[in-house]
Structure formats: C-alpha cells, structure tokens
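After this come two complexes, each holding chain A, first together with chain B and then together with chain C.
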Partner chain A sequence: MTLLEVRKLSLRIGPVETLKGIDLAVNAGEIRALVGESGSGKSLTALSIMKLLPAGAVPAGQIHFNGRDIMAASEAEMCGLRGNDIGMVFQEPMTALNPVKTIGEQVSEGIRLHTGASRAIAEERTRRILDRVGLPSSKFPLDRYPHELSGGQRQRVVIAIACALKPKLLIADEPTTALDVVLQAQILDLLQSLVDEEKMGLLLISHDLAVVADIAHSITVLRHGEVMDSGDTTRILTEQTHPYTRQLAQASMHIPERTTPRYRPPHDALLSVRNLGRSYRGQRAGLFSRHEDTRAVDDVSFDLQPGQSMALVGRSGCGKSTLARMILALDKPSRGEIRFSSQRIDQLDEIALRPIRQNMQVVFQDPYGSFNPRHKAERLVSEPLYLLDRPLSAAEKRERVDRSLERVGIAPKDRGKYPHEFSGGQRQRLAIARAIITEPKLIVADEPVSALDVSIRAQILDLFADLNGRLGIAYLFITHNLSVARAVTDTVMVMADGQIVEHGRTEDVLRHPQSEAGRALVEASPDLHKALARRIGEQG
Partner chain B sequence: MLVYASKRILIGIVTLLAASIVVFSILEVVPGDPARLMLGMNATDDAVRTLQEQMGLNQPLLERYFRWLGGLLTGDFGRSFTYSVPVISLIAERIAVSLPLALISLALSTAIAIPVGVFSASRRGSIADTASMGVAQIGVAIPNFWFALLLVYVFAVVLRLVPAGGFPGWNAGVWLGLKSLILPSIALALPQAAILARVTRSALLDVLGEDYIRTARAKGLTRRRVLYDHALRNAFIPVLTILGLQFAFLLAGTIIIENVFYLPGLGRLVFQAITQRDLIVVEGVVMLLVATVIVVNLLVDLSYAIVDPRLRSRS
Partner chain C sequence: MISATAWRESLFKALANRSFLVGLLITGTVALMAALSFFWTPYAVGTFDIAGKLKPPSVAHWLGTDHFGRDILSMIMVGSRNSIAVAFVSVMIGAGVGVPLGLWAAARGGIIDELLMRFNDLVFAFPALLSAVLITAVFGPGAINAIIAIGIFNVPVFARVARGAALSLWPREYILAARASGKGAARITVEHILPNMTNLLIVQGTIQFSLGILAEAGLSYVGLGSQPPMPSWGRMLFEAQTMISIAPHMAVFPGLAIVFTVLGLNLLGDGLRDVLDPKLQQVR
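Entry: the complex of A and B
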C-alpha cells in the first residue's frame, strides 16, 4: 500500500525553481533512499512533506500521505501529524536537541502532546523507547542533558523522539553524515530494525549511494531539483542505466591513479614521532577533587618518509586530531618528542617555528569555515607567504599565487573573487592552493573531503594524488573514511583510545585488518562494491 | 554547580580587592592635600599639620590603606570633610532614594521590553514588528533628560497628577515618596526598555534559527509552544547580561535625571563630593558602586547557570 505519494512537486523560492516536478512514493515497510548531491533538493522535498518549509517557499503539486491531502492540510492538522504519524530525524545530532531541556523532557513532550498521557505514563513510554534505541535508563537516566551525551547517543535520542509514537512514516535527512563509520553502521542498523518491527515507511536521504546501497529497497536519484532515476535498488545499482547514477556510483568508488612511489634510498625520516603523549586534566568532581586525567594521545611513535602518503584512521574521539595538532605545533605534547627534518620541534617558540611551518601546511575539513569571508582569494592563498625568510615583492607574490592556483586547477583570473563566489569543491581547492604556496614538504589534511559531495570528493582526491606525484609532498591524511584512505595513501595507521593499534601498507590493512579497531572500521565502512556483490549474489 | 558558584564568588572577592587598591591609590595621587583643602588656603601650617595628624594622613601609606579597608568592612566609611558627618549616613540617606528608583525603573523596563521583544520576534517582518522596533529605535535615540522634561510638562504641569520634582522623604509617607519617583523612573526606564526589547528580539530570532527548534516543530508542537517552551529560555542569557549592566547604570548613572527632578540621589552626592574635593565621600560611594556591580554580575553569572545546564556541570 502506498503510504506516501508525491506527485509533480515543485517549489519556488523567490524567482528560483528549486524543485521541478518530483515524483516519489514510499510504501509501508519500505526503505526508500533519496540520493543526490548538495543543492539537489533532497532536504526541501522532505520539508515539503512535513510542511516545515522556510518562509517564502511556495510549493505546488500533490502530496498524499496515508490517504490525506498534505497540500490542503491546515497548520493544526499538520501539528497533529508531525511527530505522531510522521517522524523526522535530522543531520546534525550535536545541535538537534534543546541544550536546556533533559532528554526525558524532550522525548516525553511529543508523547504527552499527541496522546494526552499523564506525566508518569509518558515517562514510562519514554523509558521504553530510549531503551529500544540503545539508551537504557539504567545507564542514561531521563534527567541527562544533551551535552552529557556523545554525538551518536544524541542521534539516538533524536530517533527516539521521532519514533516514540510509532509513526507510519519516518523521514531521516542525512542521519549519519556527521557520525563516524562505526556509529553510522549502528544507526543504519537501528533504523532498519525499527522499519522491520513497526512496518514503518522510511524515506532515507543521503548524498552517498554507498551508504544506502545496503539497506534501501528502492532509490530515487535527484539532481538540480529533478528526478534522474528511480527504482529498485538492485536494478538501479547493477544496471546503472542512467548516466548520472553511473557517475555517482563511480565517484563513490573512485580511486585516483597514482604513480607508484618511486624507489627511495633509505632516507632520514621527514617526520619522526617518538613516545608522544598528551594528557588533559581530569574534570573537577567536587571542590577539591578531580577525575583522573584523560590520555588523548598515549605513547605514539612513527616515521613518515619524504613523499610518503600516510593515512591516520580511527573513530571520532580516538585522538587523531590531538595528534595532528601536536605535529602542527598547535598544541604542546605532555610527553615524548617530534622531529621534523631531524630538528626537534615540540619545544620551539613561534619565531623558531617559522621555517618549520613553511615546510608543513594544513588543510581542514570545512571549506566554508576555514576562510575569512571578507578577504579575496589572492590574499587568502598568499597568507602563508609571511613565513618565508625574506618578504616578496608584490609581483613575486602575484606570481606565486597564480602558480599555486594553476596547480590546483583554478584560473588565476579568479584571484579577485571572494570565498562565497566559489563552489564548495573550489573552496577546498583554494585551501589546498594556500597549503602548497610555500612549497611545503608535508601537508596535514584533517578530513579534507568529508564535507564534499562524492563527485567533488573524487576530483579533490585526484588533486591530492597528483600533487603527491608531481611535487613529492608527503601527506598525513586524517580520516574516518576508509575509501579516502584507500584512494590516496601508501600506508595506514589505525588509532584507538589514543594509541596506534595497527600500522601497515594501506592495501594490507584494509583487506586484512589485524586489530579490533581496524576490523570494526573496515566492516562498518560503506562499500558500493561489496553491497553490489551481495545484491547480485542474492539475485543468483 | 557548587564549583561554579564558589569560583564566581572567589573571582568577585579578588576583583573587589583589586578595585579597592585602584580607588585608594587614584585618590592618593590626586593633587591637593585634603587637610589643607578643608581648612582653606589661609590656614597656618601648624593647623594643617594638626588636622593631618587627626585624620591620620601622616601615617605610612600601607597602614592607611589597611585602616581604610578595615573601616569599609566594618561599615566605617570615615567622615565627610564638607558635611562633617559619617559618610555612611550620607550614603544611606541617598540610597533610600536611588535604590528604589533603580529597582522601579528596572522592573518597568523589563515589564515593557520582554513582551515587546517576544512579540516582535514571533511576528518577524510584519508591520507590528517593524513598528515596535521603530519605536524602540526612537526610544534609544531620544536623550532621557529631554524626555524627562516632556514628562514633567505633560503629567506635572498640565495634568497635575504628580509633582514636578523634589523628594519629600519616606517619612512623609510611602505613597508620596513613590509618587515623586514615578516620572523619573519612567524617564530612566524607557531608553533601557528600548535597548532590552531589541536585545530580546534578536536573541530570540537567533534561537529560532537553531536546529533544535526545527526538531521541536517536527515533534508536532505549534509555533507558539515552540516559542515559549523551547526558544525563550535559550534566549535569556544575552537578556540577563544586559539586565545586569542596566541595573549598575541605573544605580549610579542617573545624575542627569536626578538633576532634572531635583532628587537627592547617589549620583548627585558623587557629583557634589567631586566638585568639593570631598575625597573620602567619593571613595566610599565608588567602593559601594563597585561592590554593587560585582554582586550584580555575580547574580547574573549564577542565573546563567540556572538557565543553562552546560554551565552547571562543568566549571
């Protein structure tokens, strides 16, 4: 039975037509994936169904839910449906919960609103649903506040809110994008089991085919507000008749061509880390007592050769970023030492660090957040040039900026543009241009592609591979995404609880992980190849 | 919470001590010997020396500081040079006017500003929103003494409802006292209310753009319930900050209004003491105001923790 039927849905925001005649259907007990890149209209489709569109958005077309005409429904009727018959889960668990209300209040609020249940009955139901999503009240009492929970736990609370009243339809908008792969697999499992138990319909929105390939029954592919391709998951993925679907699938599995690392005579290591540790003081337990110190990084040692590309993988909170900050001399280690080109750098002051920083640059995850929006591209890219020994003339500066921009594939004439005039992928290219302008020997890249769409991700990975081959820059790639590690690195270190638990050639580690943490990551990683193989196997 | 509170209190005490050193030393380095000033230019050196001894001015600096500090702690603020009465009784007299005035103004401005701010935010972009924020803009722009004169003209001169100025003292009856504070507190409250309304509105609009507001709407809550149950409490932090600052201002920064209404408040006391070089009075009032500001800020800090659980559990 068709639970949700969307027909010829269009949406106009001001003069822009953001959705153009979308057709979409979800049956009871069905998982329908809605896949597309950013700006394709996935979220606006979801918000149209909820009638929670931003002010000024004008929808047209038909939406029928469980026999009711959503387009004609009044706000009061919609309040009766939302949270009761239709639940919704959002992308960013860190901000999706009200920080000043306990999780118990936030879950039971909807229950009381829709059922008129007494406080005690609502709390009982709240305990049951929190227990169901994996937050038993013995460990997670109702009076916990959101900030006392991790990102994955918060997303479970959001799912509990959405599913508390056993909705007929659940809309999950990128529910796992902000989580690491292991949590992602857990949350997807949870959603699937809720669908199976309650015969819910699930509209699962994602930008990555690989994420939904395992659990979705059917897929609708969106692009620029239009449906490109739609149908049964196995058919869509195996036949890949539509060129855009094929493009998405290939981008998701993309591995850049890399010149095999040339033979290098035994070298002095470029970066050498020995017995490195970083502790944080324990939180206060009372006026005069503290909890034990936490060891964010614990006894880490490794070498990185010139030109070597190394991945540092691990779950969120394992200490990857703390380690990176110490290597970048943004944080001082509690123990151990770091040498760069044989020189010890962990105790240097800012002035002494200048020549080091010139040879060691960084690329961050968020291409939006890492630029001053009021500076032009030229100024942004030339920023690290102050690290050079002698100041450059304006002409020399311009020349270096242009060379850097060309290397990352941006036309030098775009140097006068502001960050908002570039697309997300171009902004990440700018960040890379900024990193290579001092011709560094090492780039530390902290999740450099995880905020990007799959096709752009593929291009940026190509760029990283190309720069490694052409300029011989060594990388330390910090990521929780194994396909990124597979794409551009020679070796992998797996980190867990502040320690390096596994270290080896990328192919070996990803194929036969030896450590528990390594296995968990590999198993949880969404992999289109595997999903396809399984589906073809099932078909016979 | 206990850790948070004790930390705040400790910071308050340290600030107060630091302020006492600053106040004491500024008045020490100000040119002019208080004893000579009191006795006038024609006094003999002998007379000046005798008075210096009486006042303890010839003792070492450190000793005088601690004696002064000890006095402050026991409520002995010294004697005024010009009025020859204990400073504490001068201050007490004036506080009896200034404190009620400040409290009434604050209550008035809060009572106007928060509903207006909430109303505006909930109808963002509507004519009502634009109109009330326009009025608030005018409220910020109008100088309060001019507004005060306008109030006097309308309510005292034309309508004859309240006195135009002066303060009969609380002994003349509570109602008479309050009556003479009505116009000044309106004049003080209105610009404050205008600022507070704008802050409330913008804080609320910020909060209404948060993800958790969308989560609450997706739960099925109406717009109105989301506003009152989820948004308002989160918007309180900036509002509380401004309220704290306004109270400190209302207690001491009211000298113009006190002059317009001829009220014997703290502002006028400080002003007179400064012009008459009655330094001991200045010291006393300044320390009192510093202490008030610190206590108010402490209360604001503690109320943050009541509003926001994230501040409670971690210091």
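Entry: the complex of A and C
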C-alpha cells in the first residue's frame, strides 16, 4: 500500500527553482533511500512533506500521505500529523535535543501532547520505547540530560522521540553522518528493525550510496532538484544505467592513484613518539575522595618516516584528536616524549617551536569552522608564513599564496574572496593550501573529509594523494572511515581507549584485522562492493 | 588596503540598510545640533526673560520658554553637547578598560580569569547611580565625575561581553590553525578574536552609549551631573517637574530629545552590525 506519494513536487525560493518535479513514493514497511549531494534538494523534499519549509518557499505539486492531501492541509492538521503519524530524525543529535530537559521529558512530551495520556502512562511508554532503541532505563534513567550521553546514544533518543507514537512514516535526514562508522552501523540496524517490526515506511536521506546500500529497498537519486534515477536498490546498483548513479557509486568506492611506493624500508624517522600519555583530571566524587583521572591517550609509541602516509583510525572519543594535538604541540603530554626530525619537541616553548611548526601543519575536519570568517583567502592561506625567519615582501607573499592555491586547484584570482564565498570542497582545498604554504614535511589531517559529500571527498582524497607523491609530504591521517584510510595511506594504526591496539600495512590490517577494535571498524565500514555482493547472493 | 572604489561600494551597501540610514540621520541631526550650538543658538542660554516665562511654543520661541524665560530649543541644543560628551567618553572608558580585561581573562583562563571576573562582579554589583553618588560624595558633583562614574559602570559590561565572545571563539579550528602557525595568545587575540567580536562590541557600545545618555540625564536629574548654569537634559526634566501642569512643553521637549537620541543610536548600532558582517553582504 502506498503510504506516501509525492507527485510533480516543485519548490521555488525567490527566483530560484530548487525542486523540479519530484516523484517519490514510500510504501508501508518499505525503506526508500533519497540520495544526492549537498544542495540537491533532499532536505527540502523532506521539509515539504512535513510542511516545515522556510518562509518564502513556494511549493507546487501533490503530496498525499495515507490518503490525505498534505498540500491542502491546514497548520492545525499538520500539527496533528507531525510526530504522531510522521516522525522525523535529524542529522545532528547534539542540536536536535533540548539541552535543559531530561531525555524522559523530551520523549514523553510528544506522547502526552498527542495522546493526552497521563504522566504515569506516558512515562511507562517512554521507558518502553527507550528500551527498544537500546537505552534500557536500568542503565539510562529517564532523568538523564542529553550532555550525559554520547553522540550515538543521543541519536537513539532522537529516534525514540520520532518513533514514540509508532508513526506510519519516519523521515531520517542524514541520521548517521555525524557518527562514527560503528555507531552508524548500529543506528542503521536499529532503523531497519523498527521498520520490520512496526511496518513503518522509512524515507532515509543520505549523500552516500554505500550507507544506504545495505538496508534500503529502493533508491531515488536526486541532483539539482531533479530525480535522476529511481527504482529497486539491487537493480539501481548493479545496472547503474544512469551515468550520475554510476558517478556517485564510483565516488563512494574511489581509490586515488598513487605514485609513491606503497611502503618503504624504515630509516631515520621524521616523527617519533614514545610512551606518550595524556590524562585529564576528572571530577571528584566527594570532597575527600581523589580525582578520577581519565587517560585520553595511554602509552602510545610509533615512528613515521619521511614521505610516509599513515592512518590513525578509531571510533569517536578514542583519543585520536588528543594525540594529534600533542604531536602538533597544541597540547602538552602528561608522559612520554615526541621527537620531530630527531629533536625533542614536547617541552619546547612557542619561540623554540617556530622552526618545527614550519615543517608541521594541520588540516581540520570542518571546512566551515577552520577559517576566520572575516579574513580573505589570501590572508588565510598566508597565515603560516608568519613562521618564516624573515618577513616576506607583499609580492613574495602573493607569489607563494598563488603557488599554493594553484597546487590545490583553486584559481589564484579567488584569493580576494571570503571563506563563505567558497563551497565546502573548495574550502577544504583552501585549508590544504594553508597547510602546504610553508612546504612542511608533515601534515596532520584530523578527519579532513568526514564532513564532505562523497563526490567531493573523492576529489580531496585525490589531492592528498597527489601532494604526497609530488611534494613528498608525510601524513598522519586521522579518520574513522576505513575506505578513506585505504585510499591514501601506506600504514594504519588502530586506536581504542587511548591505546594503539594494532599497527601494520593498510591492506593487511583492513583485510585481516587482528584486534577487536579493528574488526569492529572493518565490519561496520560501509562498503558498496560488499553490500552488492550480499544482495546478489541473497537473490541467487 | 582598501581602494577608493571598494570603500565607496561598502558605503553604498551601508546606505541601502534602512535601520543604518535612519539611525545615521537621527544621530547625525543630534550631532549637528550639538556642533551648531558652539557657534549659534536662537537665544543665549544665559539670558533670563522673566516677563516671557513659561510661554508655549511660538514663532519666536519654537519650543517655548522655561520658568526663567530661557529658550528651550537653545537649552536642548547646548545640553546635547553635555549628553553626548558624557556618554561618549564613558563608553570609551568602559570599552578601553573592559575589553582588554575580558580578552585577557579569556586568553589566560584559570586564576587570572577568576580574579578579574570576580572583581568585575564587585563593580557590577553597584548601579551607576550608586557609584556616582559615591564618587560625587568624595570629589563633588560635576560633569567630569559623572563621566568617570558612568565609565566605571561600563567596564564590567564590556569585560563580560568580550570575555564571553572570546571564550566561544578560542576553541574554533581557525584559532587552532593559527596556533599551529606559531602565533601567540596576544597576536591571535588581535588578529582573530577581536575582529570576530566587533559587531557584538559595536552593538554593546551603542546600547551603553544610549544608557550613558540616560544615566547622565538621571544624574543631572538628582543634581549630581553637570552643574547650573550649564544646561542639561536631565536637569531640564527635573525643573519641568514642578511646572508640569502649567507648562507641559517644558518636560515634553527634553524628553523627546532623549528618546530620539537613544532610538537613533540603537538603530545605528543594529545597522552597523549588519553592514560590518561580511556574511550578511549580499553577493550581487
């Protein structure tokens, strides 16, 4: 039975036509994936169905939900539908929850509003649904606040809110993009079992085909507000008749060509880390009890050769970023030592660090947050030139900025633009241009592609691989995504609970992980090849 | 470097912002009035004309006369100098001391932060009027002491705004990137922290400016601001109090002057905030 039917949906925001005649249907018990890049209109389609469009957006076409005409429904009718019959899960579990209300209040709020149930009954139902999403009240009492939960647990609460009233349709807008791969697999699992049990329809929005390949029954591919391709998942992915679908699939499986030898015999290490540790002072339980220290990084040792590309993989919160900050001398270690080009750096002050910093730069995850919004590209990219021993003239500075911009594929004439005038992918290129301007020997990249669309991710990975080959820069590449590690690194270290639990050549570790943490990451990693093989196997 | 054309372009952009334009017009009028009063007023403010006292607005006296027969328009013009000077200097004192304190507290953290902010709380606990009474009790009433009192009252306000904004900026990745480029706390504060809170400071500045005008009026009203015969908006209101039933215009016009100035400043602040934010500038 068709639960949701969208026909010829168009949307106009000001003079721009953002959606152009979208057709979409979701049946009860079906998982329909809506796949496309940022700006393709996925979220606007979802918001049109919920009638939560921003002011000034003018929709046209037909939307029928469970036999009701959504386009003609009044706001009062929609309030009855939202939450009760249509649930929604958002991308960012941090901002989707109200920080000053307990999880119990937030889940029961919807139940009480829509059913008029008493507090006790609503609480009982809240307990049941939280138990169902894997937050049993014995371990997660209802009076917990969102900040006391981890990212994955928070997303479970969001799903519990959306599913509390057993909606007929659930819309999940990039529900796992902010989570690490292991949590992603768990959340997708949870969504699938909820659909199976309750015969819900699920509209699952994602930018990555690999993420939805496992659980979606059917896929609709969106680009620039138009449906490119639509149909059964297995057919779409095996035949890949539409060139754009093929493009997305390839981007998802992309492995850049690398010119450097994949592995070199060890010689003098560029970076050498010995028994490194970092503890944070925890809260005291009482006035006279001792501080419970948490060890973010615990006894880590490794070497990185010049020109070597090494991945540091692990789940969120395992200590990857803390380790990176200590290597970058942005944080002081509690124990152990760090040597860069044989010089010990962990005890140096800022002035003594200057020559080291010239050879060690950083690229961050968030292409939106890594630039001062008030400076223009030229000034942003030239920032590390401050480290040079003698100040450059304006002409020399511009020359180096231009060379750096060209290397990352940005036209030098764009140097006068502000960061918000660049797209997400271009901004990450700018971040790389900033990192390579002093021609460093090492770049520490902290999740540099996690916030990017798959198609842009592929381009940025190519750029990393290319710079590694051309300029001989060594990388410490921090990621939770194994396909990223596979794409650009020679060796990989697996980190769990602050310790390195596995270390070896990338191919070996990814094929035959020895540690438990490694296995969990490999199994959870979305992989289009594997998903397809499984599907074809199931169908015989 | 900003070229002449780029400057002109941003001026055009600014003038397209309605609240900036209206705010600029009102504030400009008040400022012009104050400037003009140095050279010319319809009547000299010191001349008493007992025979022509408490006259309602007329062609000779546009805004009427007070209980000594002085021309109210002339007094408002001269009084605006006083209001503007007191408010401006006290905002400068507040921002000049408070902002560096807040930035310092945010950059250093720990015990310095704690000490600075608790000291701030101490100052903040005394309302402007109370600290003004204290200062005038020690140094005697007058415009200078009013400026100092209001200025001290402004310090913790700016310190808090600056510290709060700086604290939210420090963990940003571009600050980390700047630290990875070897820049120290002072340099990062000047290059990255301060420019990203200018709009906050400007809005706070205009709010404090208008509060300063109100505070000056309040201090003069209770006789602790500038002393007679120097006209002041606050004291004009005070003197109008006893005449309100016979000559309401004596209270209405200085009151309107205060309202308009405060309104104009708030609009100007709102407009400036939008104009100065590069993200809000529409790409044509």
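We take it that the second predicted complex is superposed on the first by the 528 of 540 C-alpha atoms of A that agree within 3 Å, B and C clash if a C-alpha of one lies under 4 Å from a C-alpha of the other, contacts with A are read in each partner's own complex, and residues count from 1 in each chain.
Methods note: a contact is a pair of C-beta atoms (placed from the backbone, for glycine too) under 8 Å apart; a residue touches a chain by one contact, two chains touch by 3 or more.
Keep in mind the model is a prediction, meaning the values are calculated, not measured.
Student: After the alignment on chain A, I want to confirm one thing: do chain B and chain C clash, or do they fit together?
Tutor: The answer is clash.
Student: After superposition on the shared chain, which partner residues are touched by A:Tyr244: those of chain B (first), chain C (second), both, or neither?
Tutor: neither
Student: Between chain B (first) and chain C (second), which does A:Gln361 come into contact with in this model arrangement: first, second, both, or neither?
Tutor: second
Student: Identify the partner contact of A:Arg374: answer first if only chain B is touched, second if only chain C is, both if each is, neither if none is.
Tutor: Touch partner of A:Arg374: chain C, not chain B.
Student: Provide the residue numbers of chain A that touch chain B in the complex, in ascending order.
Tutor: Residues 50, 52, 55, 75-76, 79-84, 87-88, 90, 92, 95-101, 106, 109-110, 113-114, 145, 147-148, 158, 161-162, 283-284, 286-287.
Student: Which chain B residues qualify as touching chain A in the complex?
Tutor: So the residues of chain B in touch with chain A come to 2-3, 6, 125, 210-212, 214-223, 229-230, 233-234, 307-310, 313-315.
Student: Okay, in this complex, where on chain A does chain C touch?
Tutor: 325, 328, 330, 350, 353-354, 357, 360-362, 364-366, 369-375, 380, 383-384, 386-387, 418, 420-421, 431, 434
Student: Report the residues of chain C in contact with chain A in the complex, numbered from low to high.
Tutor: Chain C reaches chain A through residues 172-174, 176-184, 191-192, 195-196, 278-279, 283.
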